[in-house]
Every structure is written in structure tokens, then in C-alpha cells.
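What follows is a short report on a single structure.
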Amino acid sequence: MKYLSWGLIGGGEGSQIGGTHRIAAQLDGKFCLKAGALDIDRDSGKAFAQRLGIAADRAYGDWREMLEAEKNREDRLDLVTIATPNNSHYEIAKAFLQEGFDVLCEKPLTTTVEQAREIVVLAENRGRICAVNYGYSGYPMVRQCRAMVARGDLGKIRVVVAEFAHGHHADESQADNPRIKWRYDPAQAGVSSVLADAGIHALHLACFTTGQEVSSLAADFASTVEGRQLEDDALLAFRMSGGAVGRLWTSAVAVGRAHGLTIAVYGGKGGLRWQQEQPNQLLWSPVNGATVTLERAASDLEQESLSASRAPIGHPEGFFEAFGNVYVGLAEALLARQSGRKERNAVLHYPTADDGFRSVAAVHAAAQSAGLGGIWVDAVSGKALS
Amino acid sequence: MKYLSWGLIGGGEGSQIGGTHRIAAQLDGKFCLKAGALDIDRDSGKAFAQRLGIAADRAYGDWREMLEAEKNREDRLDLVTIATPNNSHYEIAKAFLQEGFDVLCEKPLTTTVEQAREIVVLAENRGRICAVNYGYSGYPMVRQCRAMVARGDLGKIRVVVAEFAHGHHADESQADNPRIKWRYDPAQAGVSSVLADAGIHALHLACFTTGQEVSSLAADFASTVEGRQLEDDALLAFRMSGGAVGRLWTSAVAVGRAHGLTIAVYGGKGGLRWQQEQPNQLLWSPVNGATVTLERAASDLEQESLSASRAPIGHPEGFFEAFGNVYVGLAEALLARQSGRKERNAVLHYPTADDGFRSVAAVHAAAQSAGLGGIWVDAVSGKALS
Amino acid sequence: MKYLSWGLIGGGEGSQIGGTHRIAAQLDGKFCLKAGALDIDRDSGKAFAQRLGIAADRAYGDWREMLEAEKNREDRLDLVTIATPNNSHYEIAKAFLQEGFDVLCEKPLTTTVEQAREIVVLAENRGRICAVNYGYSGYPMVRQCRAMVARGDLGKIRVVVAEFAHGHHADESQADNPRIKWRYDPAQAGVSSVLADAGIHALHLACFTTGQEVSSLAADFASTVEGRQLEDDALLAFRMSGGAVGRLWTSAVAVGRAHGLTIAVYGGKGGLRWQQEQPNQLLWSPVNGATVTLERAASDLEQESLSASRAPIGHPEGFFEAFGNVYVGLAEALLARQSGRKERNAVLHYPTADDGFRSVAAVHAAAQSAGLGGIWVDAVSGKALS
Amino acid sequence: MKYLSWGLIGGGEGSQIGGTHRIAAQLDGKFCLKAGALDIDRDSGKAFAQRLGIAADRAYGDWREMLEAEKNREDRLDLVTIATPNNSHYEIAKAFLQEGFDVLCEKPLTTTVEQAREIVVLAENRGRICAVNYGYSGYPMVRQCRAMVARGDLGKIRVVVAEFAHGHHADESQADNPRIKWRYDPAQAGVSSVLADAGIHALHLACFTTGQEVSSLAADFASTVEGRQLEDDALLAFRMSGGAVGRLWTSAVAVGRAHGLTIAVYGGKGGLRWQQEQPNQLLWSPVNGATVTLERAASDLEQESLSASRAPIGHPEGFFEAFGNVYVGLAEALLARQSGRKERNAVLHYPTADDGFRSVAAVHAAAQSAGLGGIWVDAVSGKALS
């Protein structure tokens, strides 16, 4: 066992996402933070990096400086995480991939569909990993759901219902708070707000759990707070590649929902329901049977779920452990490649650039549909269907 | 206090809906069953009526016989409930209203929009009550929700999320069971299946709790079980007369949801959430505050809710008491009219023919929208909106 | 089918328990209220009785008057319910039983053990029913629990955990409210307060669900609000006739528990858990398996539970329906005796005088134990066990 | 910021507790594992230590070897965690404390009361920390509970109800499994099984949340599976130093309870309820008010709770983060002492040797009481109270 060396871009002092990545990456003793360009303010970033234990010569003022220095080191970073503002993801990911680094990029992968496609191709051409942090897919019971669907326990999947509702942008008195306001400014946030920010996770779970992709969709966007130019509430109907019917609701004004990400999958033989806020349970309802509460770490769960668990049954795991599982999957893939052995890819998942691309495309397609009065569009190209 | 005399059409022995009406109507000692035409089989109906304590001369073989005999009696029925198959509602309601009876009709009021409109006008012209049994609006915590919205506790309503999901038609091996199959046959069920049967209750609650009407909508219908010609899963986006944005999902293939009727109302000052299967609690989330569990019969609830409660806090009330509240509201209206006093209409609600008409129209509009690729239509006329 | 004629003593206007009995008895159309002595105030009682539809000549000023008049009628009351203050139960029940009436007495059956024993013997000698209203045993899922235990699904019962906690006497500023104060006055309430009032229901459920009786017990009584002479919080350890170990906590100062009656039964093959506030679900946990949520009215439940259900799965039933099931059981027993047929006693339960006697004895034994420093005592005689 | 250097004794490969300590200690980047004697098998322990990144010269064959080598190093370990079998805690803790190390010992601190008292005195005399891992006290909402009680939100505490029920020893077919059997063998497990193993955590929470100590108690022990010499189910009544009344139930045969640790505190002004399996919520019920669900990381929580939180509201934290908070508290204390500054002891808690001593004493007292027929005993000395 060796520690993989890890670099972080963005995630400066006080940032939530930076702290999350540091806990998630180091939780299992698989990665060790060795280099970083952590802050938009050069000096703050360097100072903070050193307080985190990064050597002075690997505490950088910005990502370009980091790239220049790191690309020539013998003790190369095994993985670089990009946790900067959304509109910089493309440029940074591209630059590091081009120099042969493996990358984990925060979502959304990019802000345009074309950029996302380019990153997918680039990573493939260079033979590098470009993962995207749909970290909720790391929850053990989400993986149990995926495994049960894959094994056929639910029969043919008929309907997927995904939801990500919160109320953090409901307070009108905070609408001009810069930390909220930019999210509804098309110049900064792009074509979509709550769907791109929150709903995209629900959409990813719909794909992850069913193993199907979104093929077409129709959307309704609503701005419920005066002055917002982008949607703070959206509804999507969609169809998936394997025939499943999809329903997705996402909202930023659902007061009382703290972080309401849920997924339900209904098939001909049974249904499964899961909610992020109580993530250690998965409800399994076989057709004509009573509902069973599956508990994380129960001995008869699928290996795909058990391999993502650390604590025994009844000892709750949470958000950090879920995100940590993305790093576990990456560590496995990196170590497998380094040692030339086969990756145990089947059970140690991490979301890929392709997931990132498809999600970005679906968000753009939804914005397209909503703008055209809710007509059905292709989920990748955004083109109107007959 | 006097018992109001009550007649029942349909609801023969073994029928669920008949038993429900008998319990709901008689629960509070306000109505007493005095006449009935209970069964499609004349003799069974008459025999059953007498076993229920109806006098032999008021136990009828069919509704026409009942109408002929009852219309000339001095001790007229105060209320006639129609609990027959859907396609007979129009004819029976019309006939009884024309003779000056007050009527409670099972939902849907009629099978066509035109018939529904006709009933509304007829009841108005004759000065008779034509109520429609959206009985879930009788739950005390649904009424608490309505009262809090009306009082402005939630501020301006932004989003309403209604759901009615069950899995009772999910079992493919039962798809040809006649009790299920007819529901997906347009010749018998009309333009819609699960929306007309289940989702319509959720739609009514969206209107009842907000005091707004559905003005426009866009729908997606899906048939997920082979051979079905009508939808067993539907998604609606809608807009309401007071500016609220609506989302509605209904399904008959959601395995594991027993009777999943829920309503959530989100406004600028707070949100409320309720689910039918745990009806004694209402979750209240003020903006920036913690979620509070309001309990039925708590002393600080609104009068509108308390007047619909019978048992003290912590002693659960259920489905029969909710439906009973529709009868309580009708008794109040009938007694008020009989005694020439003002009806305390504000708090003792019952759903009216107008509610019935609007619901039927919305279902037809949704079918129209779904058939046209999900475009937005007027919720009353079903006409495409540019 | 005929209506059984029913008389009520106590339960005047505005009393909660009176309204409950009227709804519960008449819910299913089995009993019809024909006579009553409803109030301590003669005139109020007679007036209220007539407003409830009782004929003037059967609206009595007090129970003695009622007994005198009713005992000679040809159309005798089939059942008399006693819902008067506790200390009058004995005298009234005795008087009516002696004249050959069947009786349903509110709990506690009597205020002393000797009186309770006398009633048991009297009812037996006269061949009359003396039921006691442990109405929570009427919940369909409590009966499911009993049936599963009886069938052996849980194996040998090891531990029973019963609880009845509420917080309605927690507010110190209300301690002198007469409606609360008398409960802590030994002169009025006897040897026990919260155990006799609330915990006794939990104790009954422990017996009802397991089919075992309490054989010995040790108790701790605490008075947590200054000035109270009787306990407002109690803990019992007990042993049952079939070897089960018992734990019971009851409290009147558990702020936040509205009506917290729960029962859990753990055996060698599985465990069951139920709580009164969500009465339509029963949690079933087989050894080494996941927990299953059994839903009232699911088609594979035991007949004992299904026969106590009225509404389909997912349509909640509550408190009134549970109490109504006691009346259903009584109706069955009365009709069976009247028609000379065998009573279907196995599934249509009602709690008997013997249940009432044992409960009263156990409460007295617990007071005895608590007074002697928590030593173990015989649950019937209250005598110290060596 | 510097990493504190950390040593681990016990917790070899595959042990659950070892993995838990490694995650908990390193989660926040405060401790770095530098030395260890991890396994009863010398070679396995040394090999595993090196796989974990410990230098070869600090990977020891046993704890004596570790103590000898480490006590003379300049770069002394800042903390040594003892995660060995219970009966070795005393000897190892004593040896390391005597050489001036700070220690975190797994619970129970020792197997006898005398040993525990000796450790308390020794730590005090040497001026060293001896913490005991009652890790559940690290949950942010447990700390919120403590803070609200301390601030007086609940008024005078009347009743504390603590519970730790699981069903992991219910399967009779596993009774002879050595991993279970030793727990019921007095020679190996001492005077108590489930109370010493599980219930002790509930007892600690009762003390931690109220700030009171257990002063007297009465206990009932039951062995419900044939052949067991120690209790697998126990009930305790107790009284606390501040006047609170206590109730505690613990069980190892409660099938369906996975890891059922709960605490409820009821005072004159309100009540609080928390359960370990859904640890991010705390139910707060003010007298005469509705129940409020407090969510971890809500901005208006007490600093004592917020300082124990890492993720935003709605992103669940779990077991590892709770245990990690014990390490956070220790890091703060160690760093404060090293830098000569005042420790922010008020909010960054860790359970102390005194907590460990009192718990061990209470377990022995309970065994004493149970053996004497449930009489009340002093919770420290175990002596019978008149």
C-alpha cells in the first residue's frame, strides 16, 4: 500500500468544497495532499497550502504555475482535483490532461456542450482519466440500487423519479446577496440555474442507477422570485435509452427541504426508493410484497454496495464517505494502471467525463425545450423532435 | 339536532365505496340512511338495503324507481349520494337535481367536460347543492394548510407540488384482470386513466390548499405496461390563477407506494408538506427557520382545522373521518338553508360541482396536451396556447 | 342484520370519552343509541340525550333511574356502556350486571383489586359480558402482532417492551388546574396516577399481544413536579406467565410525546414493533433479515387483523376505528348468544373483566413494589417475593 | 497547523475498531499515524503497520516494545490510542501514563472499579490526559442537546430516558459462535455483558447531555437465551446528582434494532429526543409548543454543536465524524497545552478517565443490584441503600 500523491486546485481556506475534497480524498489513507494552488489570491493560497502540510515548493500561486512546475517532476502527482469556479473548469482540465495528468473535475465539467465533448475526446486520446464529481453516486445504498437494477431484481425499468429540491434561494431578502445573485445571471451562470446546479445530480443518479442514458426530454422552467432571469424551479419529463420514462423536479425555493436529493426506480418486478438525507436506508418493494428497509452494510447486500461501506450496520455513514468512494474508485483505477493489473471497475465506480458531457448536454437541451414552450428535444443535441 | 335523511345510489354489498359513504355519512350522527337503490341487481340491492335498516318501501330496484317514489314524498331526502359507475353520474345527477334534490356525486362528476358544465349550471339554476366527493380535502391538516395559505403565513405562493402515486396496476400478470383492464380501455375509461382516477385528487388538493385554479398546463402521458392504450403514469406542469407554478406526478405503477397522495405548497415566507398516509401531521417550514411538525388537534391550529377534528392530539384520525367531514360540511349547509340561517361556509368545506367541472376539464386538457407532444394548453378549454 | 340497542351512562355533552363511544359504537351500524343517563346534572343529561335522538322516556336523570326503568322493558338494551368517573365504575357495573345487563366499562374496571375480582365473579355467575375498554387492542396491526406471536412467527417470546409516554402534565403552571390536580391526589386517584391512567394500556397490550399474563414485577415511581403525591413517571420490570421478560416505561411529563403508546415484542425468531401514533404500520424483523413494513389491510395479513380493517391499504384508519372494533367484537358475541350460534371469538376480540381485574391488580402491585424500594412482588397479590 | 503524531495499540488488519480509529483520527488532518503495535501476532502487526505507512522502526511487535522505544524518542507521540481487548486496557494505559504519554483508551476503561479509580488518579498525578472513547458523545446533535440543557432551555431536568438496543445476539444458532459466546462468560466478560458493552454508552450519554452523574440505581438483568450466564437484556432505574430520574433499557436480543442508541431528556420547559441511527436531527419540543426538527449545521444552533460539524445542513454526517470529534477535542487540548494557551474546553469535548471510572462503577453497581433482587444501590460503591 502506498499513498497516491494528490494535488488540489481551488478549495481555499473557508471554502466548503475544498474541505470536502480534503476529507473525502484522505479519509481512507489512499491519497496524500502534496501540491496545490488553492486560492484566487496567490499569497493566501500558498500560505494555506503550507498550513495544510504541503511543502513550500509545491504551494503554488496559481494553476498555471502549478502545471509548469509539476509536469516536470519525477514524483508526479497521481491525481489533480479541480475545484475552481465553473467557468474555469474547461481550461484547467484541458491543460492538465494535455500534459498527461489524471484529473477529477468538480461538476459541471464545463459550461458549454462543445467544451465538454472536447474534454471527453482529449481524455480518451491521452489515455487519461477525467472524472467528474457526481459524488452522490458514491453512497453505498445508491450503489445497491444500481446493482439490484442491473441484476434484474426490478424487471424492466418503467419509471424513474428523481428530485433535488432545496429552499436555500427562497428568501427574497437575500436575493441580492452576491453568493446567490450570480446564479441567476445568464452571463455568469449560463443557460440554467437550479437544474445545472442541483437537478443535474438527480439526473446523474437517474442514469447511474438504471444504467440508461437520457435520450429525449421536455422541460418547464420557472423563475418564481422577481428579478431572476434563470429558473429557480424546473420540471423535466424524459425518456431513457432503455425505455424508461423519467420525471425530474428540482427547485431552489422549496422551503423546508434542506438538501432534498431523492431517487426512485420502478420496474415490472419491484421498486426502490432512496433519499440523500437518510442515506443508509434503501426501500425495496417487490411487486405484491411488503416494503423492506435495506440497511447499509447488511451482510446480504450486493458486493457493489458492501465495497463502498466502512462502518457496520446501524453506524451511519454520510456525505464525506460517499464522496470518499469516488476517490476510492479513482485510487483503484490509478493503482491498477500503475501495476498493470485489471481494474475492478465493476464495483468501484467513479463518474467519468462522458457522464459530465451528457449531463451538461441535457441541461442545455432542457433550457432549449423550456424556451420553446416545453416541446420534446433530443437530450444530447437539443434539437426539436418531430 | 335532527338526523338528516339520506339516500344512496350504488354502493352495493361488498363495494368499498358504498361502505365508505355509509361510515362517513353516519359517523357523526348527522345523516341517517333512509332510502337506496344500491345495486345493479334489483333484488340484491333491495335485500341489502333492508339489511342496512332501510324500510322496505324505500329499498328500490334502481335509481329511476327511487326518483319517482322519493320526489313525491313529504319526508324528502335531504341528500342523495351517487356512487355508481362513472359513466352514469351525469344522467343520475341531472335527474335528481332537476327534481330539486341536493346531491353528492362521486368523482369524476361526469365523463365529458360539456356534461360537467351542464351540471354546474343546472345546480345553480335550481338552487341545489351538487357536491363532488374529493374527500381528501376533508383531512384536518389539509384544511390547516389551506387556512395557513389563506392567512398569508406562506406569503405569495410560488410552487405547488402534488403527487398521487400507487403501484396497484404494476403487476403485469394482473393486467388482464377485468377490474384493472377496463381502466386502460378508452371506450370505458375515456381520455385518461391514472390522471382521471388518482391524479385528479392531487390536482384538486393543489387548488383547494392554495385557493387558486389551474389556468394552463402541459402534460406527458406514458403507458408503461404493454397493451395499455391509456396512461399509467403522467407528469403535469401547470400554472395557476394566482401565479403559482404547479408540478404533478401521478402513477399506477409505482410499486411500493400504497396510496401516495401528497401535497406541498411553497411560498415566499414558508413551505408546508403533507402526505395522506400519515395524515395527522403537517410539516411547516418558515423561511430561515427549522421545520415544525404540526399535529392535528393541537390547540393553536386554525379553527378551519380544529372544526374538522374529533379526537384529541395523538389519537390518529384517518380516511373515514376525512370523508365524514365532507358530510359534516353538507349537513351544515343543508341545515343552514333549512333554518334560514347563514352557513358557516368558511370553515366547513365541501367540494362543489364547479370543482368537479374544473377537474374534469383539466384532465381532458392534459390528455389534449400529451397527445400534441406536451405543448401548453388552456386548462379549461384544452386549446393550445401560442 | 339488526341494530343492537345500546345505552350509555356518562359521556355528557363536551366530554371526549362520550363522543368517542358514540362514534365507535355507531361507526359500523351495529349499535343504535336508545337510552342514556349522560350527565351528572340531571337536566343537562336528559336534554343532551334527546338532542342525540334518544326518546324522551329513555333519557334519564341518573343511572339508578335508568336501571329501574330499563330492567323491566321488553325491548331491553343489548349493551350498556359505563363512561363515568373511575370511582363509580364498580357500583354501576355491579348494579347492571346483577340485573342481567351486558356491560362495557371504561378502564379502570374498579379502583380496588377486591372490587375488580368481585365484578369478574359476578359477571361469570350471571353469564353476562363485562368488557373493559382497552380500546387500543382494537387496532388491526396490534391484532396482527398478536396473531403472528400466536402462530409462532417470533418463536419463544423473550422480551416485551411497552411504553406509554405523554407530556400533558408537564406544564408546571397547569399543575393546579383541577383537571390535572386530582390525578395526583391519592384520595381521588388511588394508589397510582400515570401508571393507572396511561401505563395500564401499555401493560394490557403487553399481555394482549403475547397471550401471557404478568406474573411478577418490580417498579420505580417518581414524582417529578413539586407537590405531586402520586407518580408522574414510572418504570416497571416484569416477568410473564410464558417466560417473557417485560419492560414498561410510562410518563406524563415527557414533553413532545403526544400520545406515545408503543409495543415491541422480541422473540427467538423475530421482532415486531408498533406505535399508536402511526397505527397502520407494523414493523416485522425476522432474525437475520431486513425489517419489513407490514401495512394494514395488505392481503397477506392474518384474518385476525383483516377482520378488524375497513379501508383498503394506504387509507389510514385511526383511533375511532380501533375502539369501534371493541364494539364489533361485542356485537358478534351478543348476536352469537342471541342466535344460539358459536361466537367467532378467535378473531373478534374484546377485553374482558378478567383483563380489567389483572390490570388493576398489577397497578396496585406496582405501587406496593415502588413503596418498598423496588422489590419484586407478585403481580396479582402484590406480596413481596422472597 | 502541524500534524500531531499518533500511535495505535491494537486495531490490527480486519478489525473494525482499528479502522474506525484510523479514519476518525486522520479525518481532519490533525493526527498522523507514526507508530503502532497493531496485532497480537507480532509479524502481522509489523507488516500491517508498514502497509499503513508507519516507518519500519516504529512498527512494533507488541506494546511493551513500543513503550520502551517510544519513551526515549525526541519526536514523542502526542497521543497513544489503546484499542486492545478489554482486559488489557488497565495494564497498557497505566504503563503509558506512567511514562508521561497522553492516552485515548477504548471503553471500558478497565474491567474493575478499583483499576479505573487508579487510572483516574494516575492521570491526574502525572498531568496527562486519559480519555475514554465514548465516541457517540461526538455527534453534533448530542452536543446541541447538551448545550441546550446547559443553557436552561429545558428548565430543570426531570427525566432522562436512554436506550441501547440491538439484536445481534438474538440468533440462537449463533450462540456458540466464539465471537458472541465469550461475551456471556463471566470469566472473560466480567460481571455484565450487554450493559457493559452497549448500555454503558447510553448511560454515558445520559450523563453527558444532562451534566449530571448517576448517584443511585436499581437494575434488572435477564438472560433470555439458554446457556448464557450474563445478561443479554437489562433495565435500570436511576437517580442523578442534579435530581433527574433515569430510565435505561439495553438489549442484545431486540431483533430489528440495528444499533439502537437513543437519548431523550425531559425538563420542565421542554424535551429533546435523539437517535443514533438518524443522527443529524434532534427533536425539540417546548412545553405547549409543536415539535421542531433541529438539523445539524443550521445556523442558529449552539456553537458547541456547530464546532463539531463539517458539512452544510442536509449533507449527512455519521459515525466516523462523531468519533473524529473526540480526536478534534484531544487535538485542541494537546495543542493548547503545547502552546501554553487556554484550551477551548467548553465546546470541544472528549470523555475523560473520570467518565470511564463512573461508567465502570455504575455497571458493577447494576450487577450488584440485579443480583440482590433489584434493590437500590449507590452507583459508585454499589452498596445497598437503606
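Note that the chains are named A, B, C and D in the order they appear, and that numbering of residues resets to 1 at the start of each chain.
Convention: contacts are C-beta pairs under 8 Å (C-beta built on N, C-alpha and C of every residue); 3 or more make two chains touch, one makes a residue touch a chain.
Computed from a predicted model, the values in this text were never measured in an experiment.
Contacts with subunit A and subunit B are shared by C, D. For chain pairs A-C and B-C, the one joined by more C-beta pairs in contact is B-C.
Spacing of subunit A relative to subunit C, judged by their CA centroids, is 55 angstrom.
A straight line joining the Cα centres of subunit B and subunit C is 36 Å long.
Annotation for subunit D: residues touching 2 or more other chains are 284, 291, 295. Put simply, subunit D touches subunit A in their complex at residues 1, 3, 16, 19-20, 22-23, 26-29, 51-53, 166, 258-260, 276-280, 295, 310-321.
Interface residues of subunit A facing subunit C in the complex, by the touch rule stated above, are 284, 290-295, 298. Looking at the complex, you find that subunit C touches subunit D at residues 158-159, 161, 167, 170-172, 218, 220, 222, 224-225, 233, 235, 237, 245, 247, 249, 251, 253-257, 264, 266-268, 270-273, 283-288, 291, 373-376.
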